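Starting off with a structure, shown below.
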Amino acid sequence: MEVKEIELKGHIIDSFILPEVFDTIMDHGGEFEVIQFDIGKHKKDPSYARLLVKAGNRKDLDVILGELLKIGAKIPDIEELRLEKAPKDMTLPEGFYSTTNHRTYVLLDGEWIEVKNTEMDVAIVVDRENKQAFGKTFSDIKKGDLVVVGNTGIRVEPPERPRSYTIFDFMKSRVSSEKPTRSIVSQVAGEIREVKKRGKKVLAVAGPAVVHTGSAESLAALIREGFVDVLFAGNAIAVHDIEYQLYGTSLGLDLRSGRSTEGGHRNHLYSINEVKRAGSIENLVREGKVSGGIMYECIKKRIPFVLAGSIRDDGPLPEVITDVIDAQKEMRKNLEDVELVLMLSTMLHSIAVGNLLASSVKTICIDINPATVTKLSDRGTAQALGIVTDVGIFLPMLAEELIVQ
Amino acid sequence: MEVKEIELKGHIIDSFILPEVFDTIMDHGGEFEVIQFDIGKHKKDPSYARLLVKAGNRKDLDVILGELLKIGAKIPDIEELRLEKAPKDMTLPEGFYSTTNHRTYVLLDGEWIEVKNTEMDVAIVVDRENKQAFGKTFSDIKKGDLVVVGNTGIRVEPPERPRSYTIFDFMKSRVSSEKPTRSIVSQVAGEIREVKKRGKKVLAVAGPAVVHTGSAESLAALIREGFVDVLFAGNAIAVHDIEYQLYGTSLGLDLRSGRSTEGGHRNHLYSINEVKRAGSIENLVREGKVSGGIMYECIKKRIPFVLAGSIRDDGPLPEVITDVIDAQKEMRKNLEDVELVLMLSTMLHSIAVGNLLASSVKTICIDINPATVTKLSDRGTAQALGIVTDVGIFLPMLAEELIVQ
Amino acid sequence: MEVKEIELKGHIIDSFILPEVFDTIMDHGGEFEVIQFDIGKHKKDPSYARLLVKAGNRKDLDVILGELLKIGAKIPDIEELRLEKAPKDMTLPEGFYSTTNHRTYVLLDGEWIEVKNTEMDVAIVVDRENKQAFGKTFSDIKKGDLVVVGNTGIRVEPPERPRSYTIFDFMKSRVSSEKPTRSIVSQVAGEIREVKKRGKKVLAVAGPAVVHTGSAESLAALIREGFVDVLFAGNAIAVHDIEYQLYGTSLGLDLRSGRSTEGGHRNHLYSINEVKRAGSIENLVREGKVSGGIMYECIKKRIPFVLAGSIRDDGPLPEVITDVIDAQKEMRKNLEDVELVLMLSTMLHSIAVGNLLASSVKTICIDINPATVTKLSDRGTAQALGIVTDVGIFLPMLAEELIVQ
Amino acid sequence: MEVKEIELKGHIIDSFILPEVFDTIMDHGGEFEVIQFDIGKHKKDPSYARLLVKAGNRKDLDVILGELLKIGAKIPDIEELRLEKAPKDMTLPEGFYSTTNHRTYVLLDGEWIEVKNTEMDVAIVVDRENKQAFGKTFSDIKKGDLVVVGNTGIRVEPPERPRSYTIFDFMKSRVSSEKPTRSIVSQVAGEIREVKKRGKKVLAVAGPAVVHTGSAESLAALIREGFVDVLFAGNAIAVHDIEYQLYGTSLGLDLRSGRSTEGGHRNHLYSINEVKRAGSIENLVREGKVSGGIMYECIKKRIPFVLAGSIRDDGPLPEVITDVIDAQKEMRKNLEDVELVLMLSTMLHSIAVGNLLASSVKTICIDINPATVTKLSDRGTAQALGIVTDVGIFLPMLAEELIVQ
């Protein structure tokens, strides 16, 4: 029997950490013994626990400890951080440590260093000279990079469940369409105002349904009035937005009358061609060819936007980043200071952006399809709050709430 | 080879009747020969066709003719209406003719008589003395009733596709969540105004989500302001509506703050008990215990409502009709002059009411779950227009559009 | 400040009871102090906690205690059970205690008595003479019944999370369509075998999709081979099943070729009429008119079945109970010894039956629509395991697994 | 009033072309006069119509004619094909003709030439010297390319509805989960056999759910036995497939027991790293590191596969084409002789591939989410047959049907 002592501190009952620790040990065939437990007497007091974790052999114990580490356990008699060199570019050493999306520290030469740029499922590379550690994806790994392997010398801090009563608590566990929608809109507006008050940023991740459902003007207004600081989207929404500005249609559908107009997809393609002729969306705006809409407001307000390519794209527009790895990199660059993410009717971009977010970033996913929200959580963005509603009326109401006339 | 001549008249190309006739004949193994075809030269001109329908034997031909009859074919050399007596109560003679939801006529003693009270899938009973014919469900059949059998002496008039450009045309073929929602709200408001202007009635069929999503006040306002003339619902929505009036909650959820309050289902049960103590919803309103909400407005405005029971019911409230066949009868009684039906987030009631409607009644089904709309069409309510959206914001917007402040 | 001491015992960390207690107190504005906490040292050891619960006034404290009681807290200095008489038939005294679906005890004349026939959301009626207590719905309440009010003298035992590794643990938290379907089928088969081995019963709650998707024969086989002991269903599935036996179609669709055949709904109505002529489904079977299918096997095996009416029903068949409250009563009667429920593609019946089940009954809900499962949990059947799959291939595979050729 | 004569030929009633022509004219504010109509007397006889199309001005008439052209109208007094030079690379001249996904011809120097490589929404470029015409996407356009503009000198041939009774007819109009699943599996198997018998190709477009649901082995078997000739997929499914081969898990879930195993995403990342170390999936297979699965069979059978990148990708694997426009090109190259496409649980790839397909390619979309099928049709892949079922049992059943043991 191999044995190791671990420590747990904080709101470990409230935040379900202690039961998760028990589950993890037993799911992997281990045993435990609680050797100390001091419960927080009042709601703000932290609790403290020491446990002996037991497993049949060293390998099994290591697996269990690796898992416990990721949910916040501390291993008091700290072993050294193990490092190995990357064998070639874009390739990691065997047994590399893969990160969670929680705040992470490594014990580098006797000192706990916070790992920068972590996100879900990346490796940790150490810069010994400068006493720094970074999260790195496969494509950024260079031959010879010092990569963390195993699971010693690492600490992870999962976020604790907040005790305050916000919309995130209210809806914590359920993806349901049967919720008081208007009250939810107000609460989302409140969250946005909070973030702006703290001087932090709101990121909107928007899918084409924003235009199809006729709510592009509302998103544009939110950008214009300073409630959205960064936009991530794809080729389609940019084209639809410009088509609507140029022709009043979206995929040939007149969004005001609801009538389908000339030529189905013709306006769609003509819009792409207009941008191609101008050379870029930015040029089209500068030339005065469009005078409103989502892209127009981004360019006028100098709001950074990332248009990431997908294999469904027509065109695509010149600003679209067609290489998906480049697009990921560009999105990462624009995540600094983002504290709230609104995911608006896009499964692909929501899951992709979710993978890049730290677990502390508040994430609200608005989609009429409950599957989007379920998948987002299944893929690891556990902090995402799902609101099953029609973005075509949600955005106008949100804009109304936020923008005082 | 058995042969029979049929006739078709009207906008048979536009309304897809001619291709449906061809399909029907061939799907059942028959053959056809077009012996005359006069096409309408301009858009308002009707077309006319005569066809020979052929089948291998008399029985097959009869099956085909029966089908063609139901989609509007006329059999020029008319045979007599065949009648047989019902062998016992609630039981029909073999080979009885089952109706469509289209306008239907029978040839009674040399005269074409319109069948009254038809709906999908009922039998036709003839009152020879008074020269009348009625649709009758199984449960209304009495021993000895003269029931139409076979498919001769019958004419059916399916509705033609309208040429005007209404929301019903716009969305004709598709159940999609990617539609310009606000524009759709305006168009639904327009349809309601049209019906009211003609002095006809609007029926709302409402599910509990109307209350859960916080839009009970909007539906109440529509009733109060005269935009809803009849209400069909179940026990649950009535209880939730009253719970919201008495306690501000719906299944224990505070609809204003979104917080869950004391006792989950306790308020729900206490609300039922309050009505039980008063003796009826009407008494509760008369005693001044509730002063708003859906049920309150119905009672104040003397709007007829039918609360139909289901096996999910708690209580149920005294006004709820617990026998489902009685509930169907009560609903039928309240369909007169109804020209527009709003189905609000309820699969069970929508399909049930859909079965009772003539194909000429405009039907709009609002549900966040596209399956509801699909099922409604699959079950025969082909005229239903499906709007996939969140009733929690749809109803407030509709109320805003219709009620001028 | 009002204060009361409570006790918690068992696997209160593992089963999330302790964090739920903390949440409940704080959600209702109370405070707590932990005065004793003995954690179970090993996985099978129970834990024990004593807490002081505090609230601003007596009423708030009562609300909190009422909630804590329902999740398993014990109030050591026990107060008396409070009883009040029902003021009239079908009406409860104010402040009546409404049950959970957990095992419940009342302190009657110094003795803890288990409440019989409890289910979610009923009242407790005491028979002092015979020292018994019963769950009673509104419709069973008689004037003068001694009803439990308030929340003293009551104990509730929520089920603890099992530590064994069954399918119920595996899928505990998520409703997802991305699961290894075949492996799940095997595990469901295993659960059924376990229940049968213990001499307990399996209840199938079946919707019409079972027939439409072509899997009626599989359900029939499961009944014939003794894997289903009780059947709850509606009029529709019984009619479709008989239509398939009589004509090979379901709503006019030939289930073998997938072709639509003569007359759409005609076979449907003719099937109803055949049963009407025979007088009952049972007579039809006895007369040899049908020789297989779901209803045939029920009758041949003398398996109890309850066909509950709904407002969508055509006909209905003679065995259908058209009064929904009577139907509920009949279902309750047939729940004894049922330890496993298979809910097969029916939202209405699943939620209705879910309301009647004790929290200890294993419940598996198979539906292609994730909304059914979500609603089932939202409505209180928290123990339900949702499997999002196509019943049309799930049932054949399950039958294959269980029935050795 | 501007007037133009058009001609229609073929099964224009059966295939709904004539009513669509009437609709199109009137939807755009035009008028028509039927000047000749010869109906096909029997089911195999084509019909013939001549119409005068009228509009208020030349521009409106052109719009109408453009639309009619795309649904198969012929303009008898043919005008010349109009060509204009592309003003710069990746940019088209104003008023360029955008294609449908139907067979298309242009009148080049007095001769009707079939346009090669057409797909939905591309431009037509003419090579005068070699008397050829090609569909070209934006990214392939070179400065000076001769591009077709306007809508004269063009003919389009939409496919006629087949009269034979295949699964495509049976399910033509509806996306429903209530279908006889087993019978559908047989019919899909029949379609595959037909295509193989004609020496044509079957393309599988597969999403990660194929592995998650435990049906990777079935798809692998279909490849091995020669029922799938081309595979289009993404990074995720390839990684999951290899993870399953290396570790028996998919995203850390043991697909045999359904238990979640060590380290959630760890095996996922380790699998990517194994491929990185080997240099490619092909090397990994050649080195004997994997001995089964989807990718293994593709490589062993030398089946062409295209792995297209998306912004959700981890890694990605070396064979993944990270530039989405390059990925589109690679997919186009592999479409030759493909006559049947199976789209397996992937919305992104299904819509992307749908855009590349001619309308004559039979397309079957299998997904548990009805929204995928609806979106596919909305986006133009009108020929797609949607089967709402669980791919996790559909694929095993399909493999069983096709592969005789």
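Order as written gives the chain letters A, B, C and D; numbering starts at 1 within each chain.
Operating definition for what follows: a residue touches a chain if its C-beta (ideal position, glycine included) is under 8 Å from a C-beta of that chain, and two chains touch if they have at least 3 such contacts.
Predicted model, so just to flag it, every value in this text is computed and none were measured.
Steps from subunit A to subunit D, taking the shortest chain of touch contacts, total 1. Greatest centre-to-centre distance from subunit C is found for D, with centres as Cα means.
With each centre defined as the average position of its C-alpha atoms, the distance from subunit C to subunit D rounds to 45 Å. Taking each chain's centre as the average of its CA atoms, subunit A and subunit C sit 38 Å apart. Multi-chain contact residues of subunit C (touching two or more other chains) are listed as 27, 165, 177-178, 259-260, 369, 371. Per the touch definition, subunit D reaches subunit B in the complex via residues 13-16, 18-19, 22-23, 26-27, 31-34, 37, 39-43, 49, 163, 165, 174-178, 370-371, 374-375, 377-378. Residues of subunit B touching subunit C in their complex: 27-28, 63, 66-67, 87, 90-92, 94, 96, 98, 120-121, 137-139, 259-260, 262-263, 265-266, 268-269, 272-273, 276-277, 308-316, 322-328, 331, 347-349, 351-352, 355, 369, 371, 380.
Of all the residues in subunit D, the ones that touch subunit C in their complex are 165, 167, 170-171, 177-185, 187, 208-209, 212-215, 250, 253, 255-260, 368-369, 388-390, 392-394, 396-397.
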